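Have a look at the structure below, then the notes.
Note that the chains take the letters A, B, C and D in the order they are written out, and that residue 1 is the start of every chain.
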Amino acid sequence: MSHSQYVLTLSCPDRPGIVNAVTGHLFENGGNILESQQYNDLETDRFFMRTVFAQSEANASPNGLFSGMETLAQRFDMHWTLRDRSQRRRVMLLASKFDHCLADLLYRWRIGELQMDITGIVANHPRETYRHIDLGDVPFHHLPVAKHDKAAQEAQLLALIEQTGTELVVLARYMQVLSAPLVERLAGRCINIHHSFLPGFKGARPYHHAHARGVKLIGATAHFVTADLDEGPIIEQDTQRVSHHDTPADLIRIGRDIERRVLAQALRCYLDDRILLNGQRTVVFAV
Amino acid sequence: MSHSQYVLTLSCPDRPGIVNAVTGHLFENGGNILESQQYNDLETDRFFMRTVFAQSEANASPNGLFSGMETLAQRFDMHWTLRDRSQRRRVMLLASKFDHCLADLLYRWRIGELQMDITGIVANHPRETYRHIDLGDVPFHHLPVAKHDKAAQEAQLLALIEQTGTELVVLARYMQVLSAPLVERLAGRCINIHHSFLPGFKGARPYHHAHARGVKLIGATAHFVTADLDEGPIIEQDTQRVSHHDTPADLIRIGRDIERRVLAQALRCYLDDRILLNGQRTVVFAV
Amino acid sequence: MSHSQYVLTLSCPDRPGIVNAVTGHLFENGGNILESQQYNDLETDRFFMRTVFAQSEANASPNGLFSGMETLAQRFDMHWTLRDRSQRRRVMLLASKFDHCLADLLYRWRIGELQMDITGIVANHPRETYRHIDLGDVPFHHLPVAKHDKAAQEAQLLALIEQTGTELVVLARYMQVLSAPLVERLAGRCINIHHSFLPGFKGARPYHHAHARGVKLIGATAHFVTADLDEGPIIEQDTQRVSHHDTPADLIRIGRDIERRVLAQALRCYLDDRILLNGQRTVVFAV
Amino acid sequence: MSHSQYVLTLSCPDRPGIVNAVTGHLFENGGNILESQQYNDLETDRFFMRTVFAQSEANASPNGLFSGMETLAQRFDMHWTLRDRSQRRRVMLLASKFDHCLADLLYRWRIGELQMDITGIVANHPRETYRHIDLGDVPFHHLPVAKHDKAAQEAQLLALIEQTGTELVVLARYMQVLSAPLVERLAGRCINIHHSFLPGFKGARPYHHAHARGVKLIGATAHFVTADLDEGPIIEQDTQRVSHHDTPADLIRIGRDIERRVLAQALRCYLDDRILLNGQRTVVFAV
C-alpha cells in the first residue's frame, strides 16, 4: 500500500482549538502527520501552521480532505493551501545579462534538488546570451524592453505567465523593475534576489556602495516583490566576510556565490510550502 | 485574567492520531497552543513533539492536564514531560581551573538569559580560584579529587545532587572523567562541553591536535555524557575559522569563545525543554 | 639572549622602494621580521604596511630604530607608529546601563586575552550598577550627564583621558552621543560598538527596527567614532541568523553575543596595531 | 607605459635579512610591491613569503628577475616560484559520476573567475554522463578503470598529464583512489575535495556516518593528495549547520554546496600562488 503525501499551510486569527480541529480533520481522513510546525505571533495574535502528512491509499479521498478544509477555513477565517506533494509547482525564471543564478537554478533543478516544473525562461537578452547553459526543452522567450514601451513587454510577460499556468515568478538577477500593476498581479508569488544585505545598500550598484562604505561583510536578500522597491517581505538572507583587499569586482564575484545560494534556498522553501506571509514579514518554517 | 504557560514534550512509536489526541486533551483542558513542532523519524518510525501552550486561570486544572497525559502516555507508549514554565529547572555547575564557561553561564543567568535555579557550584579547585567571579549566594563546594580515591569524591557529588534536587548537571569545562556508575545515574541529565568539533580530536588536548593537523576551522561540541567518552548524543556544535598563523595558544583563545556560546546555547535549549533523545542522537527543536 | 619585539605600521603615497628601504633600516638595526603584511590601495595609490620584528638585545638600540624611521618618514611622507610590544596600550572603557560588553572586556583582560592597561572605567551610572562585576583596582568614575550641561561632563571626561595618558577610548555600549569637539579630539582613537549591521538600522533601537523589517540576520559593527553619527570607519562586523520566532527581546539577547565578540575583536586588532585608517575606511591586517 | 605583474613565493629557514635582500632585488629590477605577506613559523623556524609586484616595461627584464632570484635562493636555501601573472596555470580536472564540482569549476572558469587553462577533463565515466554541461573545446578523455588493471588507466592518465604540460590536477569528486606512485609523482600539485570536515569521517560515505553520529554541522575539506589517504595537507574547509530533520540524502544535498565552494576557493588560492607547503600543513596567504 503506497501513500500520498500532502502539505497543508494555514494562517488565521489565533483562538483555542485550531490545531485540534485541523488534526482531527486529518485523522478522520486517514492522514498521519510526518512533520508539523506551528507559530503564534503574539504581537498580531495571528496563528501559522504547516503540516506534512501521509494519506494511505486505502483511505485516500482527496475530496474529503479539501472540502473539510474549506469548512474549517470558514469557521476559523483561514488562509490555507493544501498540495499533493507529487504535484510540482509551476515556476517561470526571468533573467538578464548575468546568468549565475539562472545557471545555478537550472543545475539544481536538473539533478532533482529543486522539485518544480519550469514553465519557461524569459529574458530581455537573446537566447545566444545563455549559449553555455543547457536550457534543454525549457521554452525560452526573448522579451526585449523597448525604451518607451515597457508596458508592451510586460503585457507579453503576463500573457505568458497566464498561458503557462505559472504559479511563481523568480527574478534570477532580472534587472528590470516591474511596474506596480504587474507587481500587484503577482503579489506573494514573485521572488527577487537583491544583491545586498537589505535594508543596507538599496537600489543600484550595491557592491560599489558597500566598497565605498568599507563594510566587512556583504550579503544578499531574497524577498517577495512589492511595489515598494527593495522593501518587500524578506524570505532569506546571508552574508560573507570581505576585507580591505576586495575591490568592487571582488565583491561582485563573492556576491555571486551568496546570491545563488540565497535564491536557491528561498526557492526551495517556497516549493515546499514553507513560506507564509505575515504582513510585511514572512514566517519561514525552515528545515 | 492571567495565564500559565506549559511546555509538553513527548516521543513514542509513530501511528496515526497522536497529535489529534494530544491537542484534543489540551483543548479540553483550556490550553491554547502558542508554538509547536513535530517530527517523525522515518528511519526509526518514532514520533517526537514539543508544544508550548497557555492555560487561562479560569480553566486552570493542572491535575487534569497531568492525569490526562498519563492516560495518553499509556495508550501511545509515550515518554513525556510536562512543565509549568514558571517552575525553573534546578541546575548544578561543575568547573575546574578554566572558568570561562562558568563565568559566562553565571553572567547570563544573572541578567535573566538563562532561566534556571542554580543548586550549587562544584569544583575540584578551591573557591579562591574563582575569586574574580561574583558567585553571589550560590552555594560553592570544593570537592578535590584524591589520587587513589575518586569514588569518595563522586559519592559526595552524588549526595549533593540528590540533596539539592538537582535536575541537570553541567560540566562547564570540568576536567574530571565521571565514572560509569555516576554517568549511568545522570543519564540524559548531564551535559558536557568538549573543546573540539566531535568526532574530530576526541580525548585530551584537542587544540594541540588540531594545530598539528593544520585544520582551517576549529569547533566545540555540547553533548550528553555517556559512559563511552566523547561519544554521547550531540546537542549543539559550532566552528570558527583559523589560519596557519594561529598557534595552539591562539586556538585555545579562539576556542573559549566557541565553547561558551555552544554550551550556553545547549543549556538554553535544555531549560526550555527543546532537547529530546533519539537513541544515540538528539532531536533539538531549536528556535 | 632575549629579544624585544616591535610592531611597525606605516602608510604613505605609493612608490617603488618603500619596503626595501624600511626592511633595510630594520636589518641594519638588528631586526628580524616575524610577520609582515603590505597592501597597496590601487584606487587611492596609497601604501600600507604592518611589520612585527624581533631585535636581539646585543643589537638593541631603540633610538636608532626610531630616529631612522623618522628619516624614512620624511623621505616617503609616511604616517607611522613603532611600538615595543611590551609597552601595552592605555585604554579607557566607557559604559552605560547595559554591561555585557564591559563585563566581557574585563574578563578577557583579566585572563590575558587583551594586552592593555585600563586607565579607568567611566560611566554615566553609579558604581553600584556594576556591583556584580569585579572591577578590581581599576579606577571607576561616575560622570552623570546633566540634562542641560553635557559640556561639563565631557570636560571632566577629557580631563581624565589626558591625566591618565589614555591612548584609546572604548565606548562599550556607552549610550551618550559625544559632542563634535570631543570626537575631533579623539579622532582615530575612539571605538564604538553599534548594535546593528551598519549601514542598516542606524540610530536608536536598531533591534526593534530589524524586527519590524523582518530581517533574517542581525549584526553588530565596531567603528571609529566620527562627528557623523554611525558613519565612522568600520573596523569589524559580524552577523547571526534569526527567525520569525524571535521577538525584539530575543534579538537584543542574541545581539549581546554578537556585540561583545565584535567589540573584543576590534579591540584586539587595535591593541596589536592591526588597524590603519584609509580615508573613510580601514585597512585591518587581521590574523 | 603598461606593467607586467609577477607573483613571487618562497620559503626558507629563517634568518635576518631575507625580506631586505628580496625586496632589494625586486627594487633593483624595477619592481613595485602591490601586496605582500610574510609569516615566520616559530615552531619550525621556517620563513614564508608571497609578494605581488609590478614591473614597468621600461625596466622590464624578466631574465634579471629570475637569475637574481636563483642567486638569492642559493644563499638562503629557498624553495621559490616566480610567475608572470599573465601566464595562467595549466590545470586538469578529474571527475566521476557526481558532476556538481566539475560543473561549478567550468562555470567559474568560463566567466573568468578562475584564471587557468584547462588542459583536459578526465573521467572514468563516458562523455555522455556530462551531456548537460557545456564542455566547450576542452579535451575530454574517458579513461575507464578496469577491475584488475588500475595501473593501465593510471599510465594513460600520467601520459596525458605530461603531454599536456599539466601543472595541477584537481580531483573534482573523482572517486578513484590514486596509487602511491602516482600520488608521489603529483606531490604538491594534486588537490582533492573530501566530502567531510576532516579529520572527522575519513573514508567512504561520510554523510551517512555524519548522520548516524548526529552531528549538528557538516563540512568539506580541500587538501593535497598524499599516499596516506585523507591525511594530506589541508588547504581549505568549511561547515554548514544541519539538524535532526536532515536525512543522509539531505546531507548529501547540503554537502554539494559546501564541496563546490571549498574546492573553488582552494583552486583560486592555488592559481594565485597563495598556498605554500609547511610540512604536513599549509600556509595559505588568503585574501
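As a convention for this text, a residue touches a chain if its C-beta (ideal position, glycine included) is under 8 Å from a C-beta of that chain, and two chains touch if they have at least 3 such contacts.
Which protein is which chain? UniProt says A, B, C, D = Formyltetrahydrofolate deformylase.
Bear in mind the structure is a predicted one, so any value in this text is a computation, not a measurement.
Peer 1: What chain is the most remote from chain C, judged by the mean position of CA atoms in each chain?
Peer 2: A
Peer 1: Would you kindly state whether over half or under half of the residue numbers at the chain C/chain D interface are used by both copies, giving same or different?
Peer 2: Same, since over half the interface numbering is common to both chains.
Peer 1: Would you mind pulling out the distance in Å between where the CA atoms of chain A average out and where those of chain D do?
Peer 2: Chain centroid spacing, chain A to chain D, equals 36 Å.
Peer 1: Let me have the rounded angstrom distance from the C-alpha centre of chain A over to the C-alpha centre of chain C, please.
Peer 2: Here the centre of chain C sits 42 Å away from the centre of chain A.
Peer 1: Could you list the positions in chain B whose residues touch two or more of the other chains?
Peer 2: Chain B, residues with two or more chain partners: 35, 39, 42, 243, 245.
Peer 1: Considering only the defined contacts, which chain B positions touch chain A in the complex?
Peer 2: 14-20, 23-24, 26-27, 30-40, 42
Peer 1: For a test of understanding, state which residues of chain A touch chain C in their complex under the given definition.
Peer 2: 39, 41-43, 197-201, 212-217, 219, 233-239, 243-245, 247, 278, 280-284, 286
Peer 1: Of all residues in chain B, which touch chain C in the complex?
Peer 2: Contact set of chain B toward chain C: 35, 100, 103, 107, 110-111, 113, 131-134, 136, 243, 245-246, 250, 253, 256-257, 261, 287.
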